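One structure is given below, encoded as structure tokens.
The letters A, B, C, D and E name the chains in turn, as written, and every chain counts its residues from 1.
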Amino acid sequence: MNIIITITVTALVVLYAGLFKAKKALLPITLIGLLISLVFVATSWNTNQTYFGMMQMDNFALAFSGITILGTLFIFLLTQNYFAADSENIAEYFTLILFALAGIIIMVSYKNMSMLFIGIEIMSVCLYILAGIRKSNFASNEASLKYFLMGAFSTGFLLFGITLIYGATGSFDLETINQYLVGNYKSISPMFYPGVILMLIGLSFKVGAAPFHFWTPDVYEGAPTLITTFMSTVVKTAGFAAFLRLFADTFAPLHDFWLPPLIAIVCITLFIGNVTALFQKNFKRMLAYSSISHAGYLLFSLVTLSANSANNVLVYAAAYTFASIIAFAVLIMVKQKTGNDHFDSFNGLAKRNPLTALVLTIAMLSLAGIPLTAGFIGKYLMFLNVMGEYQIFLVAFAILNALVGFYYYFKVIVAMYFKEGNEVELEVPFQYKAVLVFSVVITLFLGVYPSVILNLI
Amino acid sequence: MTQQLQGVPLNHYIWLSAIIFTIGVIGVLTRRNAIVIFMSVELMLNSVNLLLTAFSVHNNDPSGQVFVFFIMALAAAEVAVGLSIIVMVYRNTQSVDINVLNRLKW
Amino acid sequence: MGTSVFYFVATLSVIFSLMVIFSKNPVHSVLYLIVTFFTFTVHYILLNAQFLAVVNFIVYMGAIMVLFLFVLMLLNLNKDNEPLKSGAVKIVGVIAGCCLVVTLVGSLKATAVSDPVILRNPNLGLLKNLGKELFGPFMLPFELSSILLLSAMVGAVLLTKKEKV
Amino acid sequence: MEQLLLLLIFLPLLGALVTALSGNAAKHVALVSAIVSLALALGMVCNFTPDSTTQFVVNYSWIRDLGINFHAGVDGISMITILLTNVLIPLIILASYQHNYKSSNAFFALILFMQSGLLVVFTSLDAFLFYIGWEAALIPIYFICAIWGGKDRIKVNMKFFVYTIAGSLFMLLGLIYLYLQNPAHNFDIQAFYNLNLDSAQQGWIFWAFFIAFAIKMPVFPFHTWQPNTYTEAPAAGTMLLAGIMLKMGIYGVIRWLLPIVPSGVQDWGHVAIILSIIGIVYASIIAFTQKDAKRLVAYSSIAHVGLISAGIFALNTQGMQGAMIQMLSHGINVVGLFFVLDIISSRLKTNRISELGGIAKQAPVLAITALIIVLGTVALPGTNGFIGEFLLLMGVYQYNIWIAVFAGLTIIFGAVYMFRMYQNIMLGKTNDLTITFTDVQGSEKVVLYIICALIIVLGIYPKPILQLSEASVQHLIEQVTQKLTSVN
Amino acid sequence: MIIDLVWLVPLIPLIGFIINGLGRNTLSKSLIGFIGSSVIFVSFVISVGIFLALGADANKSHEIFLFDWISAGKLHIPLSFLVDPLSAIMLLIVTGVGFLIHIYSIGYMHSDEGFGKFFSYLNLFIFFMLLLVLGSNYIVMFIGWEGVGLCSYLLIGFWYTNSSYASAAKKAFVMNRIGDLGFLLGVFFIFTTFGSVEFSKIFPQAANMLPGDSTIALIALLLFIGACGKSAQLPLFTWLPDAMAGPTPVSALIHAATMVTAGIYMIARSNLIFDLAPLIQHIIAIVGLATAIVAAIIALTQTDIKKVLAYSTVSQLGYMFLGLGVGAYNGAFFHVITHAFFKALLFLCAGSVIHALHHEQDMRHMGGLRKKLPITFITMLIGTIAIAGLPPFSGFFSKDEILAHVYLHDKVMWGIAVFGAFLTAFYMFRMLFLTFYGKYRGTHHAEEKIHESPKSMTIPLIVLAVLSAIGGVIGIPEALGGNHWLSHWLSPVIKHTGESPDHATEYILMAVSVVGVLISIAIAYGKYIRQNHIPAPDEAKRSLLANLSYNKFYFDEIYDTLIRKPLDAISVFFYKIVDNKIVDGIVNGFGWGTTEASKGLRLIQSGNVGFYIFMMVVGIISLLLYTYLSL
């Protein structure tokens, strides 16, 4: 609770600070707010408090809160000289991001469908706006509108699903619903099943799983890069946390029912994400497709429900988040220098910026899942999880897709190291350096010694 | 008077909501005007509202209606945001035709 | 006679909502939508959800629809100048919709739930009752929805105000 | 004593770090590091008791929750590969002295990094650790080949990388499966050995592993990445790939395939042998008409490795011991061959056989050393190659006579293409291009002499090497046969 | 005891090789020549010592263990030497003839820039040859076996800048390798059958086996294939004539006196095994006979002096194999010895001629050298008589011993073999007449420069001539009053000697062959001296048989079309089609397929919201359909 309060208060303070033109103070205030909430995360550890029967701050919620807050913190650090260039309204941007974060905290900790709904919508509404904050930019406009229209559309399905489940169980409370399932296992209302499926669809849309992924590449490409970073890391993580809370706990008794469609979704997602990413010329768009494919891997945790599912998602999400932040951070810097975000802009980058190139390389290796990076541990856990049920063909399919993944992640490495090109020297501001260093350290540390995070939840 | 009006089978409410929901979907599918599409989405939300209310009455549980209230709040928020996005887009493209928005692809 | 009112209003809802999506002029669409929402209000009343009926009337018809109209007028879109999608797309859309409704309802096996909707507590939809619910168990989401509205507000301002160049 | 192994594994990492930071002196630093590693390895050999036990064992808990330990140790089989790695790395570094690679500190650091990965592979007793080392060795070589390679390097190396990693991912699949089957839920190799899997399970694990190892070696028909990669890689990369890297596959078969899935080997081993034999004949025949010397040697390498693989799957002492010594010999010989070709191409900018000729006249030292290396490669008795091929053929012979006949064709075919190459490069009339050739000197000479000395010494007195691994090899074979008999 | 020092015999030449090899550019030629020859001489002296010691020793078989070489499982291969009568006598031949040829080489190679290299190679060759001879097991023998092949390669390709020489060298090596594979497989068989590769363990076991055992037969066959390669028998003989590309002393040493007889040595060594495989013996006899005749026919029309000698070598080797095939191991080995003398002599004489004529080898450009090269002429005459088989020269005894055994074995074979002997006499005298008689057919300018060779060359000629003349004494058959010392000497190794014909038959056989040889010589005399016939130029028209003979029965061409070209074609096919298109094509196909899928799939992302939503709806419908169906 105090986490959400801290974040919203910070948002409001920032909003007012904006009104009073205290531009310099915005970032520090935000960072302090986020750090305080991180402290709250740490102090609430193991307390497992429930608020009004609506929110449950268990370790699951706290862990995901922690990772999302940390991710947001990094992203805020990246705002250095990013927004300032074209807008007066940094305070509003900050506020919106913080509001979205508040929604995310709700999403990872809800105990009631209404909270899920509110959380998702707070986050989504903020993102619709954030995607469009480059008002004069067609791509940004288009991203915003597409996201909005499709998001609103998918909300309809999510709501219909919630309604049907409510109709079947007479409650929005997750525990009640779960008890209903356990208690009436033989005579579950026929409304419940389509309700589950519709919620599956709604949440699949939010996490960008195929065939509900269509918004992802366009929106990620069109939105300002920093917002894309936020969407593809923090938001995605939150989406999975929400997904997991609902399906791994509440709907777990119906696992046999929703598993086949889930596997179908997983397979399509992996295939489309990876295969389409292969041919991209635009780094940002490639990352968008890669985020789709990662959604596929993340959904593995739902294929086999085990005590570790949540933790596996946490590890994977952490690995994915920090690697992506690195990728986007470098992308921002490269784009500022070269003006576009194609792979070609990375040509010969390693010559002048060996360390930045190295960091990006590690990020790519992590995304691709090479050992000694966090990404490998994440993938490994997912495979391990699914192999536990001996879904060998699913894993084999995933492996084939992972291979395709190697190909496109290495494209940027190839461009940086092996191609001759514009020998720009990037300007790496201090905050960027900090973010890069921290992210790389986390990526490598989790890759070499993942024990710290393996039994967190 | 309401007492007398009861007795409609629940599944007829479901039918009705489903049909209106689908009409909303069809609207989204067939129209190109962003505003009309948005209106279709509103139609979908309303059908959900109706169904929720019906369930709420059927289950004799007020929380359903509270939820409808939240959906309305969302609808209001969405309309505000959505329409401002549409206005913003219109300023740039002089159109609200969604087919104009296809720079981002492939 | 009781249930026939429902069927009558339901028919109207369907007809008007169809007109919303098939009328060429967006302004007409808005107007039909208002009518549709009106029929919904009637439904709420039939279900004895008076509070919702009122809120629906005010929020949807009063606020939201006016906003729609306002934007339409602002953007000068009151003519039926929308380049229509080709017939094929429409047909495909309608077919898809039909499929959707069939599968949706089919998967619901709605016929299985044929017990009538009986109002057991006539006060269910009254303000007092709902208020207790809203400020009792649902206080947290209610409070949090303020964030939703606030962010929508900030966003709307942000997006529509002209940039100072 | 355990610390010796840790030191051996991590010293190259430290060396890599120092090398990366040492600017222009990188190559010297790298060489020193490699020589120290060699000294350590030799020290290890001296302290090694040649019996079947695993020595220098280190076992630290690493990722406790996943049952992953840093568990490594050395037995006779590992000892051979450790020796191979640590002997060849300094040679390869020294062989790279003649080149002025751009950002050479990164280059040498990557070599040392790879060394570390290789040593992990060759010593690990934990399947997960093995996999980590397996991949950790791949990344540096990918960069070495792709940054400093020829003009087609990007595409070729991408294929190499994706191909090999495809194999290793399937191996990972197999490893996870074994882990899940293991009631103790860890990756301990001993636990894997003790698993009782039915023959269907063993069959598919066999394939999951075999494909990974076959791609690495490479065995026909998984070899097509190899000629291109060898051709495009920089000299040091080719040497690393052919000299050490492909031994990972062989080692993997010996350590992880045979003892874990004996029934799988029983059911499918003949397929593996037949593929290997096809590879021998097929690659040899292809080598006949190759126009590029590097490619020719690449194909010859496929043939040689095919023989090693066949010898291993024959599952007898002679074949296995032959594989042991041949790993070492092939490493030395192929490094020598590629080095000779590198010397030529660095001077004449070509490795096309038709453009060369008569170099012997200009560079007698090179010609003689190259001849010795060629003789080692064609397994002339008295050279190291003979010991290996003889034992391998004998092993294969005991498996099946006809297979041995086909495998034996390698000694004829090998002579044909090797001498054809040697003749066309070294002998004949000096042409306009080769007239400018200068004989080897300095570090080149040192490397060539060391290689030649190794070829001859190993050929005349292979006993120490054979003794090193004999007990372990026999233990392994007993282990496999015991498991097989207990199943039947 | 001197026998225990036998390891010095190969070691000393090895040291010579190392010194000469390292000092080939720094040491003076005379020093190199001295070192090269003296090391062989020392070896020779030790060999003589060993020979004498062995003669005096009651124990005729000494194994000298040096160190463990290879061991793996049950397989133990020590590096150890076996001194017994067979190896002792081979030691004498190798070091003795080797020494003479070294001396000869000092003169012959004097002006060659690769002098040091040449001597080091020669020393190395002697080392390997001694290893071959001394090895106490098949594997050590195999080291020498392949090692001499290597030296043969090096020496044939000695003038490597000529790429056809280099090709000849390669051909020799590869053809040898074909045989070697047989040898190696034979060794594997031996190991699995007898559990060892040591002679001392194999033969006692073999002695207990019954003749006709199929394993033994297979072993014998495989070993024979090995011998075929090394000793240039059909069908692997074509490398030997090409090997004449090497310097002439090399031809004398390697391709006449020593290396090519390794096959015979090996079979003689394994005689116990071959005795158990009558079928294979029969095959050996047939192959040997065929080789003898084919090579003899080819030799009839050759014009290159060294080629004639080369084919005659092949032919003589054929006789030796014939002898082995009929069980006349002693006879065959006797012929090895005498052949070493007279063929070395003949080659060296030919070398002397070539040297005198400044590397002219075509007999059509020789003639009338009798006066100019008197020593060469006389020694060559002795050699020719010896090879033709006229008593009392050495060749007569050895050849007749083989023929006598062949006669007992099979009369038809004997007939063919004797006919071959007549051919031998004919072509050898043809060569002699063409070279030394008649008028000089070269340029006048060249004629003036012709001179007798230096002492270093003529002395070996004389020594060898003496040996060729009197070498037969070691095997004078009882029919002629001798006691066949050689067969007594070899009796510890070669137990089965085959029965000799009775004396009357033997006299008749000898008479037939001597008369036939004399007639052949007469014909040759008539044709080449009386009629002054000179072989036609290359392009002249010939009768069918002459054409076949002249073109060596087209063996090379046949091999070229049947083996080399198809292999190269297959190679190109494998590389370009199978490897690049099919195997790699499948791999690339995956990549291509994925890329194409990517190209196609990304088009779904059309940018059109309507389409996106449509796809979503399709997805939703499918999932709902699933729900409907699963309930």
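What to note about this one:
Rule of thumb we're sticking to: contacts are C-beta pairs under 8 Å (C-beta built on N, C-alpha and C of every residue); 3 or more make two chains touch, one makes a residue touch a chain.
Predicted model, so just to flag it, every value in this text is computed and none were measured.
Note on connectivity: the fewest steps through touching chains from subunit B to subunit D is 2. Contacts with subunit D and subunit E are shared by A. If you tally contacting C-beta pairs for each pair of chains, B-C comes out on top. Chain D has the C-alpha centroid lying closest to the overall centroid of all protein C-alpha atoms shown.
Among the remaining chains, E is positioned farthest from subunit C, on the basis of C-alpha centroids. Of all chains, the one whose CA centroid is most distant from that of subunit A is E.
With centres taken as mean Cα positions, subunit E sits 98 Å from subunit B.
With centres taken as mean Cα positions, subunit E sits 102 Å from subunit C. Distance between chain centres (mean CA atoms), subunit B to subunit C: 5 Å. For the pair subunit A and subunit E, the distance between C-alpha centroids works out to 78 Å. Annotation for subunit E: residues touching 2 or more other chains are 602, 605, 607, 609-610, 613-614, 617-618, 620, 624, 627, 631.
Multi-chain contact residues of subunit D (touching two or more other chains): 162. Of all residues in subunit B, those that touch two or more other chains are 14, 21, 24-25, 28-29, 32, 38, 58, 63, 66, 70, 74, 77-78, 81, 85-86, 88, 98-99, 101-105. Interfaces, counted as pairs of touching chains, are A-B, A-C, A-D, A-E, B-C, B-E, C-E, D-E. Partner subunit A is touched in their complex by these residues of subunit B: 14, 21, 24-25, 28, 34, 37-38, 41, 44-45, 47-48, 51-52, 55, 58-59, 61, 63-64, 66-67, 70-71, 74, 77-78, 81-82, 85-86, 88-89, 91-93, 98, 101-105. The part of subunit D that touches subunit E in the complex is made up of residues 159, 162-163, 220-221, 223-225, 282, 285-290, 316-318, 321-322, 357-358, 360-361, 375, 380-382, 386-387, 390-391, 393-394, 397-398, 401, 404-405, 408-409, 411-412, 415-416, 419-420, 423, 426-430, 460-463, 466, 470, 474. Chain contact summary for the complex, subunit E toward subunit D: residues 67-75, 139, 142-143, 145-147, 150, 153, 157, 160-163, 166-167, 169-170, 173-174, 177-178, 180-181, 184-185, 188, 191-192, 567-568, 570-572, 574-575, 578-579, 583-584, 587-588, 591.
Interface residues of subunit C, counted against subunit A in their complex, comprise 104, 107-109, 112-113, 137-141, 144-145, 147-148, 150-152, 154-155, 157-159, 163-164.
Those residues of subunit C that touch subunit E in the complex are listed here as 85, 89, 92-93, 96-97, 99-100, 103-104, 106-107, 109.
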